[in-house]
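Here chain A shows up in two complexes: once beside chain B, once beside chain C.
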Partner chain A sequence: MTHTGPTSERTFALPDLGEGLVEATVLEWLVQPGERVERNQPLVELETAKSAVEIPSPHTGVVARLHAEEGRVVAVGEPLATFAVEAGAGIVGTVPTEEKPTRRVRLRPPAE
Partner chain B sequence: MDQTLLDATGEPALRYTVGGAEPSREPPVLLVHGFGSDFELNWARAGWVGALRNSGRRLVGVDLPGHGGSPRPHDPERYTPKALAALLARVLDAVGAPEADVVGYSMGSRLSWQLAVDFPGRVRRAVLGGFGPVDAFEDTDLEGLERGADGGRFGAVFAAAAALPGADTAALAACARGQASQVYSPSPAPDGVPLLFVAGERDGIAEGVESLAAALPAAEVLRLPRRDHRNAVSAQAFKSAATEFLARGRGLSG
Partner chain C sequence: MTELAVPADQAATATETSMQQAVNAALRTLLAEDPATLVFGEDVGRLGGVFRVTDGLQAEFGDRRVFDTPLAESAIIGLAVGLAMNGWRPVPELQFDGFAYPAVDQIVNQMARMHYRTRGAAPMPITLRLPSFGGIQAPEHHGESLEALFAHVPGLKVCAPSDPADAYGLLLQSVRADDPVIYMEPKARYWNRRAVRLGEPDLPIGASRTVREGRHATLVAWGAMVHRCEQAAELAAEDGVELEVLDLRWLKPIDTDGLAASVARTGRAVVVHEAPLTAGLGAEVSALVTEHAFASLRAPVQRVTGFDVPYPAGPLEPQYLPTVDRILLAVQRTLEF
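Now for the complex of A and B:
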């Protein structure tokens, strides 16, 4: 695996999980720092007030850092993991336009 | 794709969805959720759709009556294990599956057992998650459910379900009463159906599952470290054990 393009870091924050949920507990990380991941590969298991959920990776790249250890409570909008993403890696033919993280994570006020 | 199963009078009885891998010669995997949950919450969000797709399995997921997108009758008779198992058999008819592998969780495991007992030949293998032989309703005040009066083993499960947005408390109470009206018995057991029991090691609802499995001719048990009744369902070890167990196909041995 060689890639010559530049990489950029992208931090994935806990997304809005719906139903007015404002936080989740990290049950188990399914990747480790330094590991290469594909977009949609299972990333982490979280437990909310409703259920256990498996969150897929939003990026293809290398896991740079995990921001919350297992057992920790993370609020919606707080960082979960940072990825090193290859800019312009053309493995799958078309390069999907990355959404800005701020568009992906819809913050919801706790009062709702 | 979402589908609706109709009852004998043409009224909607149950919502189900078909997905996973493309149709193959393997029977589909029927996923049956637990009390107060639905297909989306119990299975899809917990990562089971992807896990089954990756293992090449077609899936059929139901929303049981009183749950998710299905109708919510208030008559307990509609929620007895036998009545719901009969509905599940009709779902298999509707998707053209003479037999299926079944994965249940909690009440869904109770129903999967009932399906296998009442409809011999329809269940090839079954994975029963979050389930044990103890009567979950033995210390439950069934008449006081709507008032929040129950403090027994089932009380916390009911309270959590009733607190979810969109929950129909009367339908959930009817479901609990219907389920409680036919107390679980390990006998008769499904004939010739290999069973895998999976539960979090901290799952009190699954108490006694080891002795239940030991008394059956073809049953295995997997306990998941550090998991409880609520968070065991997303565990990777659960998914991989289930898909590996179901991939063994026909036959009682390994």
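Now for the complex of A and C:
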């Protein structure tokens, strides 16, 4: 399904990988900017002091930007990727549509 | 770091930006320029805010400057007051305007008065970000229009941007000011994108902005109703009626001079707001026009507002919010007076 409505951005930071690890190296991006991804689709391969791990995408949407090139060391909490996701209005409500309003009232200009 | 469409330090060219992104960019600018600035509220940190307005800020500035609070609005503002007394510059968020009521005691009795009470010893450089007004079909308590309530409280400043550029500039001004400001973000406009240049504020605190020029009548509005008035003006133009649209921007202080100058040009005024009619800010605007532009008036000032009922839940919003037809009818009344 192609989504053409408003989107909002969500930034995904390097999560705590456990075992006291505080950083990881970006081995290989498995997605590219502009690419549509599904939640849990493989996103990036990282290498920690312990092992190489594949991180899944936390969102369904379009990859807007990658924040670290391959080979770079990223600390826990630093941004990895930003996604453009369909704008829900948040927890409640809906995103208003941008429609030109219809009207019934017609005006008469004032006599000058 | 989170890269938004528009860098905080300003590209020279205009870029498509939503109000959501503009507020986010302003918060980044403010957090970067003053280490005393703190952003906190329910879900603003880890989640990035229910409206994504604080997305990426905790990752960039750390959880000591951008942090989540308990679900307790009174405590959020109480915390802001205490931090301000100790030299911090708090920018708390209350998730929805309907959730401001539990915090009113802290807002009115403490935040608004501390500077006065301490004879100037304890300024309150607090900007309360309040996602405001309706238009997103939310349930009860998630849409209100509280500007008259807060404008009535001595010690508070109140503003409401209507577009991304103003959202950026007004937030910079609000946070840098040493007085408490209620900064009302129109939820319905969060996702509207415009090609804008985000930059330093181009108008002083308290200044209105003419967003459309016209000679037959002035529409006065703020927040999301500015856009509704622009739509009405567009339709009126098809009929040969030229409406001026004045975005008040600041609801306290109100730009009396700008208001009077516009009505002096047009001779007619229609004020439009979402809040109920009785004792709404429209009454204040009407009084100011009468006091300062009486000789120019060709017709009584008209008010197009919500109704004197509780702000309705989602499905009834279209019946409650001012429509272009209600605005045009009020204009017609001034033209035919």
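In this text, the second predicted complex is superposed on the first by the 83 of 112 C-alpha atoms of A that agree within 3 Å, B and C clash if a C-alpha of one lies under 4 Å from a C-alpha of the other, contacts with A are read in each partner's own complex, and residues count from 1 in each chain.
Here is the rule we go by: a contact is a pair of C-beta atoms (placed from the backbone, for glycine too) under 8 Å apart; a residue touches a chain by one contact, two chains touch by 3 or more.
Just so we're clear, the structure is a prediction, and the values are computed from it rather than from any experiment.
After overlaying the two complexes on the shared chain, residue contacts for A:Arg65 are found with chain C alone; chain B is out of touch.
In the superposed pair of complexes, A:Gly77 makes contact with chain C only, with no contact to chain B. Touched residues of chain A were counted for both chain B and chain C, and C has more of them.
When the two complexes are overlaid on their common chain A, residue A:Lys50 makes contact with chain B while staying clear of chain C. Put simply, chain B touches chain A in their complex at residues 37, 41-42, 45-47, 50, 164-165, 230-236. Every residue of chain A that touches chain B in the complex is listed here, in rising order: 19-20, 27-28, 30, 40, 42, 45, 47, 50-54, 56. For chain C in complex with chain A, the residues that touch the partner chain are 1-4, 18, 20-21, 48-52, 55-56, 59-60, 62, 135-139, 142, 187-188, 191-193, 216, 231, 235-236, 239-241, 314, 323-325, 328-329, 331-332, 335-336. In the complex of the two chains, the chain A residues touching chain C come out as 6, 8-11, 13, 65, 67, 77-79, 82, 87, 89-96, 98, 100-101, 103-110.
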